[in-house]
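See the structures that follow.
Paired with subunit B in one complex and with subunit C in the other, subunit A is shared by the two complexes that follow.
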Partner chain A sequence: MPFKNSIVVKFVLVISLFNAVIFALTLGYNYYQSRVILQQELESNSRNLAMSLVHRVETELAAVAKVTEGIARSLETSPHNERELLTLIRSSIEQNPEISGAGVAFEPYAFNAASHLYAPYFYRENGKISFRRLEKAYLDFPYPYWDWYQIPRELGKLEWSEPYFDEGAGNILKSTCSVPFYKDTASGKQLKGIVISDISLDSLTQLISSIKILKTGYAALLSRNGMILAHPMKDAIMNETFFSIAEGRNDPSLRELGKKMIRGETGFIHYQSLVGFDSWMYYTPIPSTGWTLAVVFPEEELLENVRKLSMTMMMMGFVGILLLTLVVIYIARTIIKPLRLLTGATDEIAAGHFDVELPATRSNDEVGELAHNFQVMRESLKEYIRNLTETTASKERIQSELKVATNIQASLLPRIFPPFPDHPEFDIYASMVPAKEVGGDFYDFFFIDKNHLCFLIADVSDKGVPAALYMMVAKTLLKTEGQRLGEPDKILSSVNNILALDNENCMFTTVFCAILDITTGDVRYANAGHNPPLILDSHGVRYLTPKPGLMLGALSGTVFVTERLTLEPDATLFLYTDGVTEAKNPEDALYGQERMLKALQGAPRDDLAKMIHFISSEVAQHANGAPQSDDITMLAIKMAKKGIA
Partner chain B sequence: MIWYPNQTRRQSYLLISWIFVLLLAVFFLPRLVAAGTPLKSATLMPLWSPQAQFAGYYVALEKGIYARYGIDLKILRAGPGHSPADALRKGTTDFAVLWLTTALQHRIAGTHLVNLAQINQRSSMMLISRKTSGIHSIADMEGKKVGLWEGDVSIPPRAIFARNRTKVREVRQSHSVNLFLRGGIDVTSAMWYNEYHTIINSGIDPEELNVMFLRDQGMNFLEDGIYTMNKTLQKDPSLAAAFVDASLEGWRYAFDHPDETLDIVIKYMREAHLPANRVQQKWMLDRMRDLMMPVRPTGKMGFLAEQDYEAVGLVMQENGLIRKYPAYRDFVWRANAVQK
Partner chain C sequence: MNLQTRIENNVTVLTVSGRLDTVTAPEYEKNIREMISGGNIKFVVDFEQLEYISSAGLRGLLVMAKLLNEKSGRMCLANVKGNVRSVFDMCGFTSVFTMKDSVSEALAVFV
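What follows is the complex of A and B.
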C-alpha cells in the first residue's frame, strides 16, 4: 500500500479528524443553546397562550357566577312571589347567552309550606327557552341529593359542579354554578335554597380542542377531580381521570403531575404527553372552577427547525471537511511529491547509481533546499568515489610494486641452503621475516678468499621501502668492501664513511660483521651497534660480549675494533636482530634476551635450520597473535664436528 | 372403457338424492332439537347500572352461557331510582341482585324472597375519611357529617353506629364522591370495589385516607346475592338452578378472561351512556374476584354459609333493624347443597 504510514495519511487524519471534532462540538453546543433559547421562548409563549385561554374561559365563568350571585342576593334581599321568581330566572337566561339553563331549587318547604320540593328551571332548547320543574324531573333521585345542590348547601358557598352529562337536555356536557341563598331568622342565617346556572361546556371544550399547536400540539382541560374534559384522546373525555390514566400506564410520575394540577399549581414541564410525544407542557388553573388548563407543545416539532438547521449545518460541515480533506491531500501531495521523487532517486543513489537524475524542484521551501542539498551531496559523493577509486588504484599499484620489491629483496639475500655444499667444514643457515612487505633487516655471507667466509647481519633503523632501499645500498657496500678489505673493522669503517657521507635522511644501520677461517674456526669480528650474538659450544650457551661500536651512517670517521674468537668444532655462533628479542605479546611484554638464551639452550643444535625454526616458533608463541612490529632475522653458523673436515 | 350412459346417469341421480337428504338432515336436526326445548324467558335486575360488579351476568349473557342453559335472559336497567327488591316484589323481574341485609328486611316486611346464591362472601363496604380530619374509629365520628346512601345500602353503617351508640350527622350522599372530595362531609360510605378507587383516581393518595372496613368492625354484612321470589322458585326450580349455574359460570369465565370481560362490561356501560373507565372497571373486577373467594375451606363460590347468615341476622336483630329473621333453611335455597 503506497500510503501506508505516509505523511499524507497522517495529515489527512489529524487535520480532518480535528476539524470534525471541533465542528461536532460547535454543532452540538449550537443545538443545545438553540434548545435552551427555544425553551425559554416556549415557556413565555405557552404561558401567554394558556393565560389568554384561561382569561377567555374565566371571563365567561365569572359573568355566569356574577349573574347567579345576583339572583341569590336578590332572593335574599326581597321576597319574590312565584311569578316574580320565574321572571327573574327567565330574564337571567335571556340576558346572558352563555347561560344554558338557570333555576332556583328550594329547601324542603322553604318556598311555601304547601310544597315539599320546589325548583323552577328554565333552559335553552332548540333556540327557545323551555321550562320544567326539577322536583318533577328527578323523581327517582330528588334534587336535594344532587352534587349541584348538596355541595354548595353543605359548604355554604358558591360552587362549580364537576362537569356532567345532562341526559334531560340532549346529553350535553355541562357544569352548574350553584349559589346558596339564605333567610335571616332569629336563630341566624337559614338556608332557603340554591340558585343554579348551567353552562354548556361544549363550546368551551370546542374552543380548547380547536387549539392546534404546530401539528400535534394541543390544549387540554381537566376538572377538579382530574377528569379529562377536553383532550385529543376523545375516548378519555368524561371517562378517564388523569389518575386513572396514570394507573393504567402504571406511571407514578404522571399521578404526581396530576396531583400538582388539581392542587391548582402552575408549572412548565418537560414530559411525555398522554398521546405519547415528548412534549413541553404549561399548566395553570382556571381560578373560579379550579379546573386545569394545559397547553402541550410537541418537542419534536418545536425542535424541527433547529434540527433542520443542524442537519444543514452538518451537511455543510461534512462537505467542508470533505473539501478540506481534498485540499489537505492536494497540499500534502505537492509537498510529498518531490520528496517521493527524491526518495526514489536516493534509493538509486543508495544502490550506487550516482548518475541518476535528481528531480528538479522549483520551490524555494525546505523541500527545494533538501533537493538542492541532495544534488550537492551527490556531487560530493561522486567526487569522493572518483578520488577513492584513483587512490585505491594507485594503492593497488604500489601494493603490487611492493610485492615485486619484496621478491627482489628476498632474492637479494642468499636463500639456498646449504649454500656451500662442497664445504663440509661448516654449516650456515639464516632466515628473515620482514614486518612489512619489504624489510630493513638483512644478512649475507660470502667467501672473501678460499678459506675465509665473511658473514654478517644488519638492521636498518627503519622499516619499509626506505629501509629496504637503504639496506640495498648497505648490503652492496658491505659485500663490495668485504671482498676488497677482508678485515671486519676496516669493512665497517669504510662502509660507515660512505654511508655517513650523504646521509640526509638520517638513516642508520647496525651491523655485526665476522670473518670465519673455515680451516681453524677462528673468527674475527667487529660490531657496529648490533645486538650481541650467542655462542653455543661445549661450555654451553652464552652471549658474546663484543665492543658495542657505533651504528653505520651516523658519524663519518668512526673507528671499529676487530675482535677474535675461535669456534671449536661443533660450536655454533647465533646472530639475530632486535626483531627477535623485542617481539611483543598482546600484553606488550618483550621476548627478551633471557628467554632467547633459554630457548637456545633447549633448541636442537645439530640442524641449524631446525634451530632457527624452533626459535621462530618460540617467538611466535610468545607473540601469541600480536602483530609483528619489526623484522625478525636470524643467522647461525656452526663448525663441523672433528673429523668431518 | 365402454361408455354406458343410462346406467351411469341413474347411479348419479341416486347419489345426489342421498346427499340432498343428508344435507337436509344436518341442516334441520339441531333446529328440531332446539325447538324441542324452547328457551325460557327470564329477567334479571342488578343492583346498579352496568359495571364490573355484575360482570358475571353480562359475560354469561354475551357469551351465550344463559342460552346454553336454556335461558333467554334480559338484564333490566338498574341504577338510580330502580329498586331490585321492589321489582321482585312487583314481579317485574324474575331474579335480582340484592344485599343480604336488604333481602332480610324485605323478607321480614313480607316479601317472600329466597336467596339463590351468595355472590360476595365478604362485605366490601367501608367508611372513608381524610387523615386530616383525625377520624380513626367509629367513636371519632360522633357529631361528624357522615355520608350515607339512601335506602337499604345504609343499613350496615347505621347498624354499626347504633351498636356503638355513636350519633353522627347523617347526610344523604349521592352516587358521586364529589361531596366528600369537596369537603361537604367528613366521612363517606364507599364500596371497596368502586368509590374507594374513584376517590384514589380523583387524585387523593391512599396514604391521605383513613379507611375502615365494616367487616373489621364486626359487621360482615354480605352484599351481592342472587334472589328470586319463592313463588317463582316453586313454579320452575329448574330455571332458578339453571340461572344460578349459568351466572356462576359467567363469573368464572369473567375471572379467566379479564380483558374480554372488561370489553363486554364497557360495551354495556357505553350503551347505558355511563362514563366508562377501564382502569376503574378492572379494579372493580379484581375486587369482585377477591370478594367472591370463599372465606372458609368448606365454602364454595356462590354459597351462603349458615354462620355468615346467622351473624348478619343476629346483628340486625340486635340493632332493631328486624324483629326476627327466618330460619337459614327457609331463607336459603339449596341450603344443604355443600353438605350433600
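What follows is the complex of A and C.
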C-alpha cells in the first residue's frame, strides 16, 4: 500500500495544508481590506449623494423663500390697494409653478380700519388658481393663532412650518414659508402681517423616494421634529416620528441617533436600518428648514460583489490547491518510487536473499547515491556472511574436535566405580571437572601386583590443549613406570628425567604418587610439588606434610623421597588439585585450605562419592557463579572397617 | 600484573606486583624473552608486591631460568613470602632458585 503513512502523504499534507492556510489568510485579508476600502468609498459616495439631494431640495425651498421674501419686501416698500395686492399674490403663483398656494395675512386692522382680519389666499386646485379668504375659512380657530402665523411673527424672520396635510386642498403634504413684513412708523418698525407661500412636498418626497440605492437602499427625509416625511415605509409617513419608532422598538441607540439628527448634525454610521437591514447611513441637515436627509446603503448588497469575488477566488484557490496536490503527489511518487523498490529489496535481503535484483539507478541525486551505496553494502554483506560462514564452520569443527578430545580424555581416566568390586579391603572414588573443554589435571589408580595399588593425582601447568597433550604423555609414563618400578620415588625420578628431556616449553606437572598395601593399610608415597593431601581418621581431619619435591619435567636429575604412613581401618586419604583450593568467588577470594579442612570435617565419610560431591557443591557455593578458572580434581581412598576385610 | 624494571649495578631489577597466573604469565614470559635477547643476563626478581602465583607463573620462572642458563646468566629472587612462599615450598622451587630476603641482599649475590 504505497499511501500508508508514506512520504507522499506527508508531502501532500504539508504542502497542501500550508498552501491552504496561506491562501485562506490572503483571502481573508483581501476581504477585510475590500470592506475597508468599500466603506471609505461609500462614505464619500453617500456624502456626495446626500449633498446633491440636499442641494436640490434647498434650491426648491430657496426659490419659494425668495418669492415670499419678494412679496414681503414689495408690501413694505409701497402701499397696495386690495386689487394690486391680489394681483401681486396671484401673479407670484402663476410665475412660480413650485408654489402651490400663496397669501398675505394681515395683523388685525392692519389692512384697513374697517376690517378686523384680512387674509386673501390663492391656491392651485385641479390645474386652476382658486381664491379663498382665510379669515373666513378658519372661523373657529382664527389664523393669528396658527403656527405659520405665530412663530414668524414672534421670531421676526422667515420661517418654514412643520410639514402638514392640507385637507382642504386635496390632502397634499405641504410646508408653508412665512415671512413677516413691516411698516415704518415714527416709533419704529411695526408688524403689518405675514406673507405665506405653500410648497407641496409631494414632489420633494417623490424625488427622495425615487432615489434607489442598489436594490434595497433608499433615501429618507425627516422633519425638524423627527417626523418621517419620505421613507420606503409608506405607513410611517406623517404618522411616525423617529422617536415614536425608537419608543415602539425600545431602541435607545435609535433615539440617540434621532437626537443627533434634529440637532442638525452630520454623520456616517453603521446601524440596523428601520426596515431591518444592516446598513450604512449618511445623514445631514437641510439648512434652511432644519430637516434631515438620510441616505441608507444596505451592507449586504454592498458586500455582495466582494463576496462574489471572494467566492470566485475561493473556488480558484481550491482548484489550484487540488492541482498542486496532484502535482505534489506525482513528484513525490517519482522520488519515492526507487525508494519503494529499494525497500522491497531490503526486505528480501533482510530475509537472507542476497541475490535479489536491486533497482537500476539512472539519477545522480541522493536516491541514486543511496541505491549505489546499497549495492556496495549488499556486496560487503555477502562477503561478510561468506567469511562468517567459513569461520563458523571451522570454529564448529574445532569445537566438535575438542568435544571428541574431552571424551577421549575422560575415557582415559578410570570412571567406573567401584573399580575393583572383588576387593572389599578398600574403597576409592575420584572426579575431574575440566575448566576448558580439555584439562591438565588427571588421576589414576592401578594394581602393580596382587596386593599393591598405585594411585596418583597430577596437575599439569597451564590448561587447554597443550596441557591435555602433556597430560597424556605424563599419565602414560606414570603408569608404565609405576608398574615397572613399584616405588614412588623411583617412579617420579624416572618420569621426571624423561619429561625434562627436550622440554622446550618448560611444561611441568605436579604429582602426588602413592602405593597402598591393601592388606595392611601401609602407604608409601612421594610428592612432586603437589598440594598436600588430607587424612581423615579417628584423630580427625588433618593435612599431611609431605617433604617438598620439585615438579616433574622442570629439572632433570631431581631427587624424590619416599615417605610412609599407615591408614588405619575406616581412615581416608583425600587428594585434590589446586583447582579446589584456588576456586575464586566474584570478589576474587580463594576457597583456600582452611575452608576445605572445615568442609571435610563436616562431610559424609562413609560414602566417598558423597564426600567428593559434597566438597564439589561447597566449592560451587563459594564460587557463587564466578567462572571456573582451573580444573577441579579430587580423589579419595578409604580402608575398609575392621572385620570387613 | 604490573612489571617494573630498573637497572642497578648492571643487574636488572624486576618488580612484579599483582597476580602471576594463566592470564598474565604469557605477558611476563614475553617481557622476559625480550629483555634476555636484548642482552640482560643478570636479574633480581622482587616478589615483595606479588599477591599470587599459579602453576603458569611458576612455568614462567622456569622458562626464565632456562633461558638464562643457556646464556650463562643468573637470577635471584627477593622477598618470596606469604602465599607465594608456600607455593614455592610445596612444589620444591625453594631448592631450585636462589632466594634472598631483600633486594639489596639479592643484588649482593652478583658482586
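One rule holds for everything that comes next: the second predicted complex is superposed on the first by the 368 of 645 C-alpha atoms of A that agree within 3 Å, B and C clash if a C-alpha of one lies under 4 Å from a C-alpha of the other, contacts with A are read in each partner's own complex, and residues count from 1 in each chain.
As a convention for this text, contacts are C-beta pairs under 8 Å (C-beta built on N, C-alpha and C of every residue); 3 or more make two chains touch, one makes a residue touch a chain.
Just so it is clear, the structure is predicted and the values come from calculations on it, not from any experiment.
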{"item": "Subunit A as common anchor, with subunit B and subunit C clashing or fitting", "value": "fit"}
{"item": "Which of subunit B and subunit C A:G226 touches, first, second, both or neither", "value": "first"}
{"item": "First, second, both or neither for A:M432, with subunit B first and subunit C second", "value": "neither"}
{"item": "Touched partner set for A:L573, first subunit B, second subunit C, both or neither", "value": "neither"}
{"item": "First (subunit B), second (subunit C), both or neither touched by A:A528", "value": "second"}
{"item": "First, second, both or neither for A:C506, with subunit B first and subunit C second", "value": "second"}
{"item": "Partner chain in contact with A:D459 - subunit B first, subunit C second, else both or neither", "value": "second"}
{"item": "Per-residue contact with subunit A, leading partner among subunit C and subunit B", "value": "B"}
{"item": "Subunit B versus subunit C as contact partner of A:L117, first or second or both or neither", "value": "neither"}
{"item": "Subunit B versus subunit C as contact partner of A:T558, first or second or both or neither", "value": "second"}
{"item": "CA minimum distance (subunit B, subunit C), superposed complexes, angstrom", "value": "112"}
{"item": "Parts of subunit A lying in touch with subunit C, wherever the complex brings them together", "value": "459-463, 505-508, 510, 528-532, 548-551, 554-555, 558, 578, 582, 629-630"}
{"item": "Touching residues (chain side subunit B, partner subunit A) in the complex", "value": "80-82, 145, 150, 171-174, 176, 178-179, 181-185, 200-203, 205, 273, 275-280"}
{"item": "In the complex, subunit A residues that touch subunit B", "value": "139-141, 144-147, 150-151, 153-155, 159, 161-162, 165, 167, 171, 224-226, 238-245, 247-248, 255, 258-259, 262"}
{"item": "For the subunit C and subunit A complex, residues of the former touching the latter", "value": "21-22, 54-56, 58-59, 62-63, 66, 89-96"}
